[in-house]
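Below: a set of structures, written as structure tokens.
Each of the next two complexes has chain A plus one more chain, namely chain B in the first and chain C in the second.
Our next item is the complex of A and B:
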């Protein structure tokens, strides 16, 4: 316990970084997922093909492998492009940005499937009603599709978020100093890795519990209108 | 054999070498020439996943029955176990077994040390525990979905609770669990990549070692990615077939 107290600030900073990484990854994943789902539902044949290729590719590769491939492969690719075009000399991707981006790319594929499933469960009559009111496509999306979509997608988005949150533990391989990174290094220097790893588990459990609470509230909010049906 | 005879395999190899040497940014020849390492990685990955799934089932199924039966105390204990091991990253669980437990002299002196000093077995045990936690929830879902009438029918013809569980409830529940178990096996395959973080040469570990040996940036990861994709493709194919077989009695005759 004394060791934990000594390194409390490190754990605190690490937790903050893990949360920040998880949330930025989530935002990216939601945007990518929504765009991919849109490509699969309303896009043309090429967009559908591309989106389907992306989701099958990402979902068949382990997140750790994907992270390493995107980080190191992306870095090499970027520098190759810079070298060929002569536009930039040598770029090093910031570890946090790369971590958030890879998490976004990985979970965007899972989110896309959630959105697609949710879209399929919206009653068709809703769209017909919107059309009958003379709503434009953007109006329909903003005022009808999106609020309903969130209601149907939330349970599965929530599950994805829990998996995403746990995936943040892997970014320490990219050299990002997150909770797991600090905990293992503090564990090494204090020769008490057990206490630190248990602390990490407790912190992750607390984050999970907090997420469950927030998700339950969000779900209540987005399904408010459904009882009237 | 006539040495002048054209050998299609070596022709292909020459093509790959030439392509890798002057066109491609990725050295495919180097990756291919290290196939034994990747094969070893593949074997390790498959063994670890198979062990994790089997041991997870062995531990998870009785736990699920306790939870489904609502056995006091045991049910709550299982619930806590599931919450902890589903709510924390697999990597941290494996680290806890490998780095965490090793610090206690009592563990190092106990017979458990034979297992826990080996990174491979630490991974195997971590996968088993983690998969058990997920499988408990799967089996419980399947058990809950068994229609009450079936259980009443078993009681009505005089089956004891144990016999009803063995002959009727479990077979019915397990069949229902199959699609979820398929997902779990892919999920564990994905999770198994963390074995490379504990120095085990699994598929990703082989890729990392290739990168380290030749100072490569990502070629090894590319190879690992391709192997994982092929694995997932094969596993989903097999699962679909198994599912069709076990659900045969539910399919319409005409189809």
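Our next item is the complex of A and C:
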């Protein structure tokens, strides 16, 4: 316990970084997911093919493998491009941005499937009613499709978020010092690994509990009036 | 005109980022991997310590450069070097043939033997017959794997991501022994009263083929200038006695070898 108390500040910093990384990754994943789902539902044949290729590829490659590929491979590619064009010697990809982007790209694929499934659950009558009211495409999306979509998608998005939050632990391989990184390093440095692992477990449990509370509230909000269906 | 101002600031920042050369003037970007006491340690205030870190600072001082440390997971340390995220790995990395195919090394800066650690009351003998069928833990992708495969082929070798997991399994009784570097090994025995039942078995093991020529600084291939500068700095620390002083402070003796 003494070791934990000694390293409390690092654990605190690590927790903050884990949360920040999780939320940035989530935002990116939601945007990518929505865009991909849109391409699959309303896009042309080429957009559909591309979106399908992306979700299939990303969902079949292990997260860790994907991260190493995007982060180190991406950096090496960037260096080569700079070398060939002579425009730059070395452009460093910020580890946090790279981590968030990688998580966004990976979980965007899962989000896309959640959105697509949710869209399929919206009763057709809703769109017909919107058309009957003379709503434009944008109006339909903002006032009819999106609120209904979120209601149907939220349980699945919530599951994705929980997995995403835990996947942030993998970014420690990229040199980003998140909670798990500080905990393993401190555990080894103080020769007391279990105390730190238990601390990580408790912190993640708290984060998950908080997420569940927020998700429950969001779900109540987006499924308001669903009984009227 | 706040917009214009921030835009030009962004432009300046971009130019600076673009102009940053691989080897910034006077800065040596060093990769370490904390969690390997007493060589690489993460202190409670977030700073780094250990023999490798202190020795890197000594070398930077000799080369009139500033050390800039990056703490990175062991598995990602070579990819990061190759991707140019830092210039040198000073993290107790053994000079082995396998690694030489990917990266270059400075001259060795220390050389310590390996040792087998087991329960004192287990009566294990460190030879092929005595270890036949015994479970021995090692850190994966190290010379220890190579040594067990060659010398104790009948033993049941278990590879772990780092030696810490091997120690945990040794404590749990799941394996009979671990093959590790002698200094961290003895440090581990001394670090906790519960570890006192374990002891080095069969003495020090030296083997150039598997353990390489010692521990060196990992560099990108082709960076001859940096390699020679580091080699010269290592020689300087030997000549002026600062190496021996640092080594004695940590280990009570000179670990340079030869």
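Here is the rule we go by: the second predicted complex is superposed on the first by the 227 of 229 C-alpha atoms of A that agree within 3 Å, B and C clash if a C-alpha of one lies under 4 Å from a C-alpha of the other, contacts with A are read in each partner's own complex, and residues count from 1 in each chain.
Here, a contact is a pair of C-beta atoms (placed from the backbone, for glycine too) under 8 Å apart; a residue touches a chain by one contact, two chains touch by 3 or more.
As the structure is a prediction and not an experimental result, all values here were calculated from the model.
K.L.:
After lining both complexes up on chain A, report clash or fit for chain B versus chain C.
P.N.:
clash
K.L.:
Who does A:66 touch here: chain B (first), chain C (second), both, or neither?
P.N.:
In the superposition, A:66 contacts chain B only.
K.L.:
Tell me the contact category for A:208 with respect to chain B and chain C: first, second, both or neither.
P.N.:
first
K.L.:
A:57 in the overlay: touching chain B, chain C, both, or neither? Say first, second, both or neither.
P.N.:
first
K.L.:
Applying the document's definition of touch, where does A:75 land relative to chain B and chain C: first, second, both, or neither?
P.N.:
Both partners, chain B and chain C.
K.L.:
Report for A:184: first if it touches chain B alone, second if chain C alone, otherwise both or neither.
P.N.:
Both partners, chain B and chain C.
K.L.:
A:170 contacts which: chain B (first), chain C (second), both, neither?
P.N.:
Only chain B is touched by A:170; chain C is not.
K.L.:
By the touch definition at the top of the document, which applies to A:198: first (chain B), second (chain C), both, or neither?
P.N.:
In the superposition, A:198 contacts chain B only.
K.L.:
Jot down the residues of chain A that show up as touching in both complexes, chain B in one and chain C in the other.
P.N.:
Touching chain B in the first complex and chain C in the second, residues 68, 72, 75-76, 173, 184, 187, 191, 193 of chain A appear in both lists.
K.L.:
Help me check something: in the complex, which residues belonging to chain C touch chain A?
P.N.:
The contact residues of chain C facing chain A are 17-18, 20-22, 34-37, 41-46, 70-73, 75-76, 79-80, 82-85, 162, 164, 168, 188, 191-192.
K.L.:
With touch defined as at the start, can you tell me which chain A residues reach chain C in the complex?
P.N.:
Residues of chain A touching chain C: 6-7, 9-10, 13, 68, 72, 75-76, 79, 87-92, 172-175, 177, 181-182, 184-189, 191, 193.
K.L.:
Under the definition above, what is the set of chain B residues touching chain A in their complex?
P.N.:
Checking each residue of chain B against chain A gives 25, 83-84, 87-93, 95-96, 99-101, 103-104, 189-194, 196-197, 203-204, 207-208, 211, 217-218, 221-222, 224-225, 228-229, 232-233.
K.L.:
Could you list, by residue number, the parts of chain A that touch chain B in their complex?
P.N.:
Per the touch definition, chain A meets chain B at residues 57, 60-66, 68-69, 72-73, 75-76, 80, 162, 166-170, 173, 180, 184, 187, 191-194, 197-198, 200-201, 204-205, 208-209.
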